[in-house]
Amino acid sequence: MPDKETSRVEAFSDGVFGIAMTLLVLDLRVPHAGAAGAPRDSWSLLHALLALWPSYTSFVLSFGTVLIMWVNHHGLFKHAHRADNRLLFANGLLLLVVTFVPFPTAVLAEYLNKPAACAAATFYCGTFVLISICYNFLLAAVLPNRSPDAVGSSDHEKALARVRWAYRLGFAAYVVATVVAIFSAVAGVAICFSLWVLWVVLNYAPKRQL
Amino acid sequence: MPDKETSRVEAFSDGVFGIAMTLLVLDLRVPHAGAAGAPRDSWSLLHALLALWPSYTSFVLSFGTVLIMWVNHHGLFKHAHRADNRLLFANGLLLLVVTFVPFPTAVLAEYLNKPAACAAATFYCGTFVLISICYNFLLAAVLPNRSPDAVGSSDHEKALARVRWAYRLGFAAYVVATVVAIFSAVAGVAICFSLWVLWVVLNYAPKRQL
Amino acid sequence: MPDKETSRVEAFSDGVFGIAMTLLVLDLRVPHAGAAGAPRDSWSLLHALLALWPSYTSFVLSFGTVLIMWVNHHGLFKHAHRADNRLLFANGLLLLVVTFVPFPTAVLAEYLNKPAACAAATFYCGTFVLISICYNFLLAAVLPNRSPDAVGSSDHEKALARVRWAYRLGFAAYVVATVVAIFSAVAGVAICFSLWVLWVVLNYAPKRQL
Amino acid sequence: MPDKETSRVEAFSDGVFGIAMTLLVLDLRVPHAGAAGAPRDSWSLLHALLALWPSYTSFVLSFGTVLIMWVNHHGLFKHAHRADNRLLFANGLLLLVVTFVPFPTAVLAEYLNKPAACAAATFYCGTFVLISICYNFLLAAVLPNRSPDAVGSSDHEKALARVRWAYRLGFAAYVVATVVAIFSAVAGVAICFSLWVLWVVLNYAPKRQL
């Protein structure tokens, strides 16, 4: 029964993660044929498609980040054996912010190559600071819901300590990215991209442990 | 077999709830760089993003409300052991109204800080009156589908009585919110927000019982 | 193993049905505050919201029809115990047409109260003729995939005969609706609405048998 | 436990495939009644709907291709019994490109009957080259995750050899389609359509083996 409770929350969260990732494609806007200055031949359409690079960058960056968040979400829920109020609300808060991701992504796509790039990048990175905070809440909410068998085990405690450390580092790194983005949009976004790599290394190398 | 029937309806409903919640983000519109009066530097973009507060408010309010409705939906389906026609139709009606939520949310986001705010808020609150009515239908449809073991049990009857009371109170509260919204949009929306708190308290404190 | 095959196809189809139903809400367009002749006070917003009645009609009609199609889809898949090529392709064809439904719905919503209403209604009803044809294909594809136990049983054969009759009647009725819609949009749409009632009666009364 | 890991990845991937397929309908744009030169009577609306043939073509082509990719995805995951890092990342990369499909589809729909058709068709076919590459990565990632029982079996090896051959052929065919599309948009798109048929024949005839 309590196990069924968790699996239901997980399946629902999976759905929300998946839809949020897929909706990102709606930010890619076709250069319209009817508009003034619209592409009239193949070269100008090619040019127009290449000019969308800020949209592609935002799309790939957000997709990858949400995908890693999804992997982490499951890694965390493996430790949960019951679903109490605190867990349900921490998870709901996280889903709220994950669902929000397509909006800062669209803002970044629109402004990355424009004078307002810094505000867009700061807004984008700031969203991930918020998500990091929610992950730390979720971790705190999972702790009292672990199965009694797991609590004493040293393997389990080590895995959790690693998660805790990674989450705190993630939070700090996104704060740095946000502060950097105030001065340089490109540098802020580059930090977000490199956090991908860091996250992968922390969670998967030398072998997948969580 | 009858159990499989219920779980299928639940999984389908979960999907619809999750998509309805995620589609809410599409109401957040990027202030476009090409338009007249568009943000040209970081300060004006920041200003434009902050000016979207009615959209953020509507997004958070609707997301939270649909999330709570999802939790209640499952709480209610725990009592259902068969899925007869009446249950399927009551559930279909509920899903119809849940799917509709992004529309009044978008209307509220567009008009909350404009002269037509009262009509928008009344329309928004009225939608939740409709949803409350559908929940009461669903409760009525679940009653004849309970498992024979549960029907006599006093714990079960107490839990159901609590749900029934909460649903009637929810209906009354949303009617009040709708009437108040005719005169003050902000007050109507504030009642919807406070219903969140009420719902959480009723369902989760002192411990989760449903 | 073959059973797992069917359940996977069903879960995937459920997802597509659910998303198609939820996307219908995107056709409901907020009367925008910035446009010329936009609603400036509560009365004119209320008026603008009421003027969207063709959108609400299309939304409710399509939602209900797709919901009934989903119920029928599951009723049909209960009879399938294996998933061969023919079944997979018949199901894929059906999903293609179901996914298409939001488009004729949007066309109907845009033109139901305009001079071009007949073309819109004919296009809308014609889509359901296409869906009826796909359901008849799916029924034909399910027959060779039944479990050996079921094939002989008279209850099973009766249930299938009932489904076959209902599907043929549904096809004929949608053809009539389409032809009627050429001359009167309202009459065509009214037939679609009344087919809802017919479907419900055929499938659920006197008790749910399929 | 490792089996649960795979089924979770599969369910998540199913969701992403399903949503990507369903979002394709959003590219079908209603000819708007308010615009200049908008359809005023049934004949002109009918004409406007028929003029959307490039959108219908793109919709059906992309829907069918993603559906076949979904079938192949499952065929491949049947061989996977564990989910290591490499598999998770290869799968994530594939989902990224699948999620991207609605964008080149929209570009093709907009430009297929315009002078810039070749660039649009090349972009469209090129996306499927990318997807083919991802499928080959995924195949490579599945190999070390097979169950020990399966590895030796000659049936299993034959099935895998067939998949490998089909994937390489698919890659080559999409490269040809892309090169052809540079010179003739229609020919490139026709190759994509015929690859559907090829795929179906390779995977399902004479009987479904993978």
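Things worth noting here:
By letter and in written order, the chains are A, B, C and D; residue numbering begins at 1 in each of them.
Keep this in mind: a residue touches a chain if its C-beta (ideal position, glycine included) is under 8 Å from a C-beta of that chain, and two chains touch if they have at least 3 such contacts.
Because the structure is predicted, anything quoted here is derived from the model rather than measured.
Although subunit C and subunit D carry the same sequence, what matters here is overlap: shared residue numbers make up under half of all numbers found at their interface. Centre-to-centre separation of subunit A and subunit D, using mean CA positions: 25 Å.
Measuring from the averaged C-alpha position of subunit A to that of subunit C gives a distance of 36 Å. Of all residues in subunit B, those that touch two or more other chains are 11, 15, 19, 23, 26. In terms of inter-chain touching, the protein chains here make up one closed cycle, each touching precisely two others.
Listed in rising order, the residues of subunit D touching subunit C in the complex are 11, 14-15, 17-19, 21-26, 28, 30, 32-33, 39-46, 49, 59-60, 63-64, 67, 70-71, 74, 200, 204, 207-208.
Per the touch definition, subunit B reaches subunit C in the complex via residues 8, 11-12, 15-16, 19-20, 23, 26, 84-85, 88-89, 92, 95-96, 99-103, 106-107, 110-111, 114-120, 122-123.
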